[in-house]
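Questions regarding the structure given below will be posed in turn.
A, B, C and D are the chain letters, set down in written order, and residue numbers restart from 1 in every chain.
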């Protein structure tokens, strides 16, 4: 079964690459689990980003060589990582002081839903039998200066993730700055979702059809 | 002479009482004081409120304590675990209650508890279900919720090195909640991989000064949770 | 000129010695500037106290040998000190977390006035031209578990320092546990100043005459 | 490549603007960034609000800045100095205003400012003139006052060792307010006695991670305030 979503739009790595282009040299960056983690592999030549993991490390490096890891050197996703030269360890209150105090420049997160006013839902589907678990998501969206979402434009069932208002429990109110999907780059503005860029071969209408609310066409361009 | 070393790990946790609030260091397996938790399982205290970021994995350590029915309430940020059905089952059955706290709020509440701050304001959780019912207040046109300090009767912590004064250092990201939990608990019990002479720890690099520590137990070669789980070990 | 106050009662060192007797082995102790500092020289054999100085050191040792000091290793009185084996340095917020969080066992302070309800005034005479300066005194009395005052019973002018209510600006309300003077040891109780011990050769009446409010006689003893 | 090193100390403070709030590290002379303060005197910014525990001594460093008339307001806990009449004179004349804050409240307000906590409650100053007019609130039958976080435009700090990422260690009790001021300022400028290669500082023993630091200036053999005062040095 082939749907248009399988044949057009960016791959996960291309999405991560697109995000990486927008992160300035020297930024302090916190990456969520999943596609956001791929950003580290696509940082443009000549830029140095510093990665923060909220469990107490700044200057996080890639996964260790097999057999070289330390079960006590892990990231927020509880996977083994390394520490680069210039790294520092600290405790959880200090770590979230970095987050809450606005010291992290960019956070890249996944999403269940993003609303046109920047609300994010990414921690719970609200299912009554689910074990609720939030981790550091609410702290990150409340504290980090710039919050990017990286996500497939639609769910596996084809439902839009960009919606007029989130139906899932919120992670934060009006916190998202920009959304990177397989189909487009979309800013959150006072007027709502503002298309910034279409993926190659993707039309405005194609994206609008898969978006749960009005999408503003690119400025200086005509919709469709 | 001050000497906080306790030679027997069972003595170290002997006075944990039924109904106590126990902070347990660790984020996932990093910093989890497995041997102290197992000693607590053996000791038998029950109806505990446990503060930890997670709920353990497999059926050892914290998950073992929960499975043994000793934990009536968990305060944590992320109780979902890939390798354990222990907490989900007890949560769904109602046997173990859950207070879900955003991770940074949890850390700050513990730090506040240890620092004599009864309450503080944070923007985290404003407008979300976890902010529901909390007192809201504006500072400079932004909304914040009031959060209270969190203290405990006991803290169980894993350090790397410790001395007779209770000074402690940690290994890498095993540090996580330990230093603030040591501050917030009435009685702080630390297992250390190395017990060293006073003065061997660099005073510039001591992470938890001994004033926050009551007992130090030497546990050489502590187990790693993931290794125990991979081997199918359960405790007790 | 010789007054009775010069000939009876404890010396400064004897007062410090009397305080030292009451501090249990293993206590974490913060000592104010002046007579309180003498306590370190009178700790009974076999006891080990750990000294905290609020500017960021626990495990403080005595003054350095001449020429051996470091201008960046000082105490709260800004005098050079040493660090004993087992000492640790920390920043000011951590230092006052120790104080405010109730981790220091005993604080010994000087006083301008102590009131019968335990109020302390020790930071300002309220003189209009004085430069107000409080330092850590208010934090110490609010946070430390046990607060001892060590002071001459009367001012240089012969005025009582133990009074019904402080006339000077307060450092804290109801914070003092016990007062050690040259003439007596006096507890603060719900009923007011409770005499615990008279210095050798000092009578109840002698102390009462020099106290600004009612002094309760020792229990099991008769006043004067 | 990230490199926060600034080779010229005058460049390091070039953008401090008139009316700025400047946190200055140090408790007495320990940790006082004399060279950075002297560079600020040379730079000329005025009408500054300065946050420091004290007001300097003699007529060098912070006292020199105050004497030069650049400080319109001091926020500190202990402005009395044995070796300086600089602040007392300007305070009595009304030229320099004073906000007196208990030392621990000052430290916690700075830490809160850096940690994104807009306000917190503390028992310190309750019932005293410094608590007058502050909002009171009870928690568990004890009174507390509300205190707000304190932030700054700049922090001037003295470290022992630093690297290109801005990681910093300190010397003994020179640490004092520096780590929290580094957190609380928009732009944190650190003078270090040694500038070292990335990786030379032990990641377990870095006190101020570089994320809190914007500029690092190498000042070998920094002056000690007491030595300058003893020699009768004045600045400018």
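The criterion applied here is as follows: a contact is a pair of C-beta atoms (placed from the backbone, for glycine too) under 8 Å apart; a residue touches a chain by one contact, two chains touch by 3 or more.
What you are looking at is a predicted structure, and each value in this text was computed from that prediction instead of being measured.
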Every chain in contact with both chain A and chain C is listed here as B, D
Between A-B and A-D, more contacting C-beta pairs sit at A-B
Mean-CA-position distance for chain D and chain C (Å) = 30
Between the Cα centroids of chain B and chain C the separation in whole angstrom comes to 37
Provide the list of chain B residues touching at least two other chains, using ranges where the numbers run on.
-> 108, 111, 115-117, 122-123, 170, 172, 204, 207
What positions in chain C touch 2 or more of the other chains?
-> 83, 89-90, 93, 96, 99-100, 143
Taking all chains into account, which pairs touch?
-> A-B, A-D, B-C, B-D, C-D
For chain D, which residues count as touching chain C in their complex?
-> 27-31, 53, 77-80, 87-88, 91-92, 98, 100, 102-108, 110-111, 122-130, 170-180, 207, 224-227
If you look only at chain A, which of its residues touch chain B in the complex?
-> 53-57, 70-74, 78, 83, 89-93, 95-96, 99-100, 119, 124, 129, 131-139, 142-143, 169-173
If you look only at chain A, which of its residues touch chain D in the complex?
-> 25-26, 28, 48, 50, 52, 58-59, 83, 85-90, 93, 96-104, 143
Chain D contacts chain B in the complex at 108, 112, 115-123, 137, 139-140, 142, 144, 148, 169-170, 172, 202, 204-205, 207
Report the residues of chain B in contact with chain C in the complex, numbered from low to high.
-> 1-2, 111, 113-117, 163-165, 167, 183, 197-199, 201, 203-204, 206, 209-212
